[in-house]
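Should a chain be cited, it is by its letter among A, B, C and D, assigned in written order, with residues numbered from 1 in that chain.
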Amino acid sequence: MSVVSFAYYPGCSAKGSSADYERSTRTVCGLLDICLEELPGWNCCGSTPAHAVDTELSAALCVRNLDIAAQCGAKTVLTPCPSCLSNLRHAGRRMATPEFRARVNELLDAPAAETLPEVTSVMQGIARQYDKAALTARVKKPLTGLRLGAYYGCLMSRPADLMDFGDPENPTLMEEMLTACGAEVVDFPLKTSCCGASFGIPERPMTARNSAKILDLAVNMGLDALVVACPLCQMNLDLRQKQAAKSAGTTFDLPVPYFTQLLGLALGAPTDQLGLDKLCVSLDGLLKKAEGGQQCG
Amino acid sequence: MRIGVFICHCGSNIGGTVDCARVAELSRAFPDVVYADDPMYTCAEPGQAAIEAAIHEHRLDGVVVASCTPRMHEPTFRRTVERAGLNRYMFEMANIREHVSWIGKDKEANTNKAAELVLMAVEKLRRNTPLTPKSFDITKKVLIIGGGVAGIQAALDCADGGVPVVLVEREATIGGKMAKLDKTFPTVDCSACILGPKMVDVAQHPNITLYAYAEVEDISGYVGNFSVKIRKKAAYVDWSKCTGCGACTEKCPARKTPDAFNELTGPTTAINIAFPQAIPKKAVINAAHCRQLSKGKCGVCAKVCPTGAIRYDMEDEIVTEEVGSIVAATGYDLMDWTVYSEYGGGKYPDVITSLQYERLLSASGPTGGHILRPSDGREPKSVVFIQCVGSRDKSVGRPYCSGFCCMYTAKQAVLTKDHIPDSQSWVFYMDIRAPGKMYDEFTRRAVEEYGTEYIRGRVSAIYPDGKGQYVVMGVDTLLGQPVEIKADLVVLAVGIEASKGASQLAEKLRISYDQYGFFMESHVKLKPVETNTAGVFLAGVCQGAKDIPASVAQGSAAAAKVLALFARDKLESDPQIAQVDMRRCVNCGKCIRCCPFGAIKEVEMRGEGKAQVIETVCQGCGLCTATCPQGAIQLSHATDNQILAEVNALCQC
Amino acid sequence: MPVLEGKELRIVGFLCNWCSYGGADTAGVARAGQPTDLRIIRVPCSGRIDPLFIVKALLGGADGVLVSGCHPRDCHYAAGNFYARRRLEVLKQFLPVLGIDERRFEYTWVSASEGQRWQQVVTVFTERIHQLGRAPRFDDAEPLLKLADMALTSLRPLGTGQTAALDELKDAIRAKLPELDCVIGWQQGYDAAHTVPLFIRKPEDVDKLVWGPFNVNNPAVYLPSFKGKKVGIVVKGCDSRSVVELLQENLIRREDVTIFALPCEGTLDMARVNEKLGRYQRIDSVSLDEAGATIVADGTEHRFCMTEYAQGKCYGCTTPAAVLADTRLGTPTPVQPGTVVPPELALLDSMSLEERMAFWRGQMERCLRCYACRNACPMCVCRDFCISDSRNPHWMSQEDSPREKLFFQTIHAMHLAGRCTGCGECQRACPVGIPILALRQQIARAVAQLFDGYRPGLDPAAVPPLLGYEVEEKNIHERDWK
Amino acid sequence: MSMIRFVTADGLPGFLAHLAKDGQRVLVPVEKPANKPSVVFEPWQEGKAFTLAKATVPPKEAVLPQCETLFSFKKAKDPADPARVSLQLEEAPPPPPTVVFACRPCDARGFAVLDRPYLHGPFADPCYKARREALTVITLTCASGCNTCFCHWVGGGPSSPEGSDVLMTAIEGGYVLQAITPRGEACLAASALPDGAEVFPRAEEARKAAWQSLEPAPDLKDAPQRLAALFTDTTFWQEQTDRCLSCGACTYFCPTCYCFNITDEGEGLSEKGGRRLRSWDNCMSSLFTREASGHNPRNAKALRMRNRVSHKFATYPENWGSFSCNGCGRCISNCPVCLDIRAIVLAALEKGADA
């Protein structure tokens, strides 16, 4: 498989709270001969607070990154985090209107490049290179015996025309990839309902309640794990799992791994290169079940 | 020529923003105008009487009335001038209400415009010639398309009126959607009990020829002389021999055929009879699922059939019927609600449509009348009804209200409590529409006697809770709070649209239809069952959302129109048709080639080819007149000279 | 009864009775306010509207004309609006060539229930007309005379056809003559520098047949009058297209016509030849070589090479060989692909709207309404019953105003829409040299754009575009009304 | 000795200005630039370019316009009784005094041909009379014949004075103006041009030279009887008119065709009122003889051509003694198919000879 390279925009959480997501992403891409060239001197995309305060300033933040990618001659930029993906794509689209472009160019040191590269998620980047059959071909340790559910969160597929991620109410890309890895994937109904996002700080009971509802359904459906692709959702469902359990008056013990971690397992990456240790609810039970499955699978 | 002009005040509708007296005064200066007046209400009795008097007193031979739209009162005034002895085509109207007084307040501009419109009407009238309709004989027979309750009612009324009826029904049995219902509101009568006898009457009525499992292939001709090609679809069963004993359905091995009649709530056999009271009670083979017809080996039904009625080699057959009038009663279908992915988009088996719920409630349904969840067959204890799924919703292109869902949901809630006393029903609604007789009282009973919880709000999502129930997330706008209900069964009151193929049928009937496929009535308030095509009438939901009583009423109304049409032995042809001036025609054949109705043919006259109009086929569109380079063919009452007169009245710089 | 000065402009509406007139009523019932300028003429169907009504209104002083009918597929008469859509779109593309701003004419579809849409259509259109202001009157235009630039490059080598197999053709005609009533060709006119149509009836007439650059007449013009008799015809490439168009409209029957064809190498523009020859008593000699003709008149020699003196239509000619023939002799010269904008049309394209109106005002002054242009046209089969002079229907008066004369040219052009093969006889026949071919060329260009490059007279089986319709038109798109 | 004046070539505009004094309309030949150039008579103004070439359209317009308002009428309705309509007639304004400048002898002779039916018949046509009496004709003699001219066949000639008031002949350096009629003399007398008596012989030489350049003319004196005899020989006429398109070019460009049509245009009630128009009619069109019933005695073009040629070469000579064709050749040069009236007459003579 020839090596294909993409510009890579990690986003702040990748260097901090979701280091495991970054770690597993790099490992998986390495195994799949996808070279990620990190943007030199990238800056924060402004995440939620920036565009709430000033849309032009937040756009300038994003356009600066896109401009760097353009200078590097990149055609496509991959980013793992849905929030960064949404901000970058919004900025890219709004630069099409001349007045907006003029105001943003004033904010930047130098005017941005005429044509800015396209931005897409890591998941879509992988899917572009490997369709289901190609992915299955690369699987070393199939995840047979695992009953998984995919959880996208509310940002990844909305607004539909901007994010271009399939049916906003019912995206299916992660299910397809996990099925390709041999797992039994269940259609998880609350896959795009909100986990409470950054309200974990100002409105913790609401985040607990939302996460509890999601975890409760996952447990009721007998899932071995709820697979996620967003650092903030992972934090609410994994790190705050106990708070959610407390608010729902029950206990949860449901692993919430990133899809790249499970992909890494399936591709046979050594378990220490997937940042599994960082997960609050450990993945060991699941791994035993998977191995059990492999012996007899 | 002596013309009389009447400028109507129409109370204040015109007089309010047009100086009618001034227009009358200006009209007196127009060519050939010898009398001008501005009556208060021209269309009223005294107004018409004044016109007749003026005709006699001033020896008028032409009348111009400036009032409302000719589409409304041209026939009225034509009869008025006719009563006074004038030919009814020596009359013209100027529309100074809808096109002048009602669309602007500038009195000076309106008055000037009204005067100009009157001048145009006068100039046209001066070139009008008396026209007398010719009469032609008609086939006193009616074609009724669609065997639902509206079609049945129209057929019975026409047949009782002595008019032979050809009833064409696309499905294997008549009865339409009503046959699928368990009970009907507001009396909770059993639907089959009140519809069944009418269906039997249709079968037994000597005047009615029933073509079930047949579709209209092509329609040509015009009022009084329609020629209709009907395609009798191959049922693979010789209905003359089949007694409807049902032996074949028991033995048929293809047990998993989707049962369209039961709205896919249960399987059926490849050869089946839709429901016990089906008329005609004849078997039909579903070719796609019959093993013999699709894979070529089985033949069980042929073996067991006591009368040997099975014929695998049967083919579609085209039959032609000559009729004088057509009633379209093609009913409706439920819109495709799976566009709502937030309700599961059809993924969850226990989220069903109201029609499917009717089949579950019905004793002749797949569950024998027991309410059982399609997923696990358990009896549901909590049932949630959701209103306006695909009605009053612009986002899916269905902005209209479907009319009868609020009422049947209340009935279904009552029946749910009746079947399962310890069940609890919830209804998510926006506004309850219960306008009919005893309708609102019925919904109050659903709330007060049967404990149905009505929650005013929309549902944002339905998802399985993993433990066999469904979480219905909605909002209660009266309490201002989000609401979550655990439901065992969710029934969607799905909105309606015109039945499949309605727009193609409309094009065959040459009637207009709106973007949802509902047929266009001639006038929404005054002519709901007529269309713009003479001799074609409408009945039931094909014309727009309405409940059973209204559909039945329209069935009778359409029948009344047909009987009125056939009351006379001969029909008068519309004299506004094209005529050829044989001297000018050079037989270039352009008119023959472009006439949409094939109403012009080439004839021989003194050794030369000439064009000639077939009077009974010409519809008066005037296409030929606009095509003929030398003006040899002229549409009466809209000739080149008449239209040029109006153009020149405006543009003579 | 003029419109209110300063407040209103003259806007004429043609509305179909079933849909748009009903839509206007619905707007009225809904009290949807509208400007008062529009005066509505009710017609049974949009298909009833002859585009000439619209030209009559516009030339007669209307500032704007609005036509509205039923939506496609919704017509009460099934196909009325389909035909109307094609005719009105051709008209809309034709008006600019007269100097009339095409924005002054609009057609649209409004159904009986769309009251609000009708209010918007009327308001938007009236606003547009008020922005355009009063329409310039044709009679007030200052006459402007301009010359078409005849320096053109031909798509194929032009010549005098001297190598054509004329003798073989004569033999072929002699062979077929007994079974034919007559064969139409060309013979020398009153002197060697002119040819006139020849009607061969007897064997000795065959020798009079000539072939060369002087064969300017189009013999197809006589075919309709021979209907029912067997007739032969010798054709150039452009003449054959006229024969095919007559077949397309079954104005002649294929079995009655025997077609003889030689490859044409172009014809001389006799107007410019006569101008150069000037006033002379007699022609001493005419010699033809493959590059052109040398004519000696009253002793002085004049040289006419084809590349400079051919007719405008010959430069852009793409069918030097007959499109249809029974006896075809000689191999035609190949034609390079590409298109040449005809000189007369190029002249008009170079002018602004005002200039064009002034141009036609200047040209039409000297028209004497002799109707040579009409009678030279092979497609004009109405002949003795033409609405231009039969006064019933009363389209035209006997006045000799430039406006009436221009109105006849629009009648002729619109009647030729989708039928004119561009043979140029109308312009050649005009005694006072009015460049009327430009009007027909604009119509032909519009028809080609609108109907996938359709060109009349190429395929005997093709239906002339304005005598047919498509339910979904590929190149005619509904204008939105926001 | 008639009055002779001389005008230099560049003195012409001055002479025209003199002619155009006190509102007199001076029609001069003007060239209309086009791919096919044509020369038409148009009123002259100061500084307007004109040519002395032979006009494509004859100056018949001066006495018989293509379309002339005989009178206009206005209707008025009595407001009290709208049924009573009053009608007033308005005479057409008197025609302006006109000078036709630099027409050719065949054109001038046209006026003479028209005078006979319009003036010397039982009724004089008032409109024509008014125009004719206000007309002065200054004719430029032809320096030579041309391929389509045959004026000398029919009694005319390159310098025939018939119908002219002043005969103008080009000599090098200018033009000799010879007054033919008293009106011509009055016009020249008032023009303050130098006397041209001594140069007149050079003018006569030029005129003689023009005559010599002509081909010998065939003798047409038997033409009237021969054509009349051929009235029933329709095959002859069909052969002659195979190629005729029966348009109106030959009649509308002929200086001697004088048939007209009268129509009413306009209602009379609008402020513009109505007008009664006299406009040229064209005997080559089938409309000319179509009766109300639709029957047409001369439906075929051969019959119509027979009528046109016989009228000019048989019927008119019978009534007035001379051919009504001036041999100007416009019906030949302007015909789309160059139908040659000379060929028809000669063919008729030849056919008659052996009958």
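The working rule: a residue touches a chain if its C-beta (ideal position, glycine included) is under 8 Å from a C-beta of that chain, and two chains touch if they have at least 3 such contacts.
Keep in mind that this is a model prediction, so the values were computed, not measured.
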Of C-D and A-B, whichever chain pair has more C-beta contact pairs: C-D
Chain nearest the overall Cα centroid: C
Distance between the centres, which are taken as Cα means, of chain C and chain A, whole angstrom: 67
Separation of mean Cα positions, chain D and chain C [Å, integer]: 32
For chain A paired with chain B, centre-to-centre distance based on mean C-alpha positions, whole Å: 53
Distance between the centres, which are taken as Cα means, of chain D and chain A, whole angstrom: 97
For chain C, residues that touch 2 or more chains besides their own: 383, 390
Multi-partner residues of chain B (at least 2 other chains): 583, 652
Residue ranges of chain B touching chain A (in the complex, touch as defined): 341-342, 344-345, 347, 461, 463-467
Partner chain B, residues of chain C touching it in the complex: 1, 3-4, 7-8, 10, 12, 17-19, 21-22, 24-25, 27-29, 31-36, 39-45, 47-50, 53, 56-58, 60-62, 70, 73-74, 76-80, 83, 87, 111-113, 119, 137, 249-251, 381-383, 385-387, 390, 392-395, 415, 463, 467-468
Interfacial residue positions of chain C with respect to chain D in the complex: 145, 147-148, 150, 189-191, 194, 196-199, 217, 221-222, 269, 271-272, 275, 279-283, 312, 343-344, 363, 366, 368-372, 374-376, 383-384, 389-391, 397-400, 425, 428-435
Complex contact set, residues of chain D against chain B: 75, 77, 79, 82-83, 267, 269-270, 272, 294
Residue ranges of chain D in contact with chain C within the complex: 32-38, 40, 53-54, 56-57, 65-67, 144-148, 213, 215, 242-243, 245-249, 251-253, 261, 263, 265, 277, 279-280, 282, 285-287, 290, 299, 332, 334, 336-340, 342-343
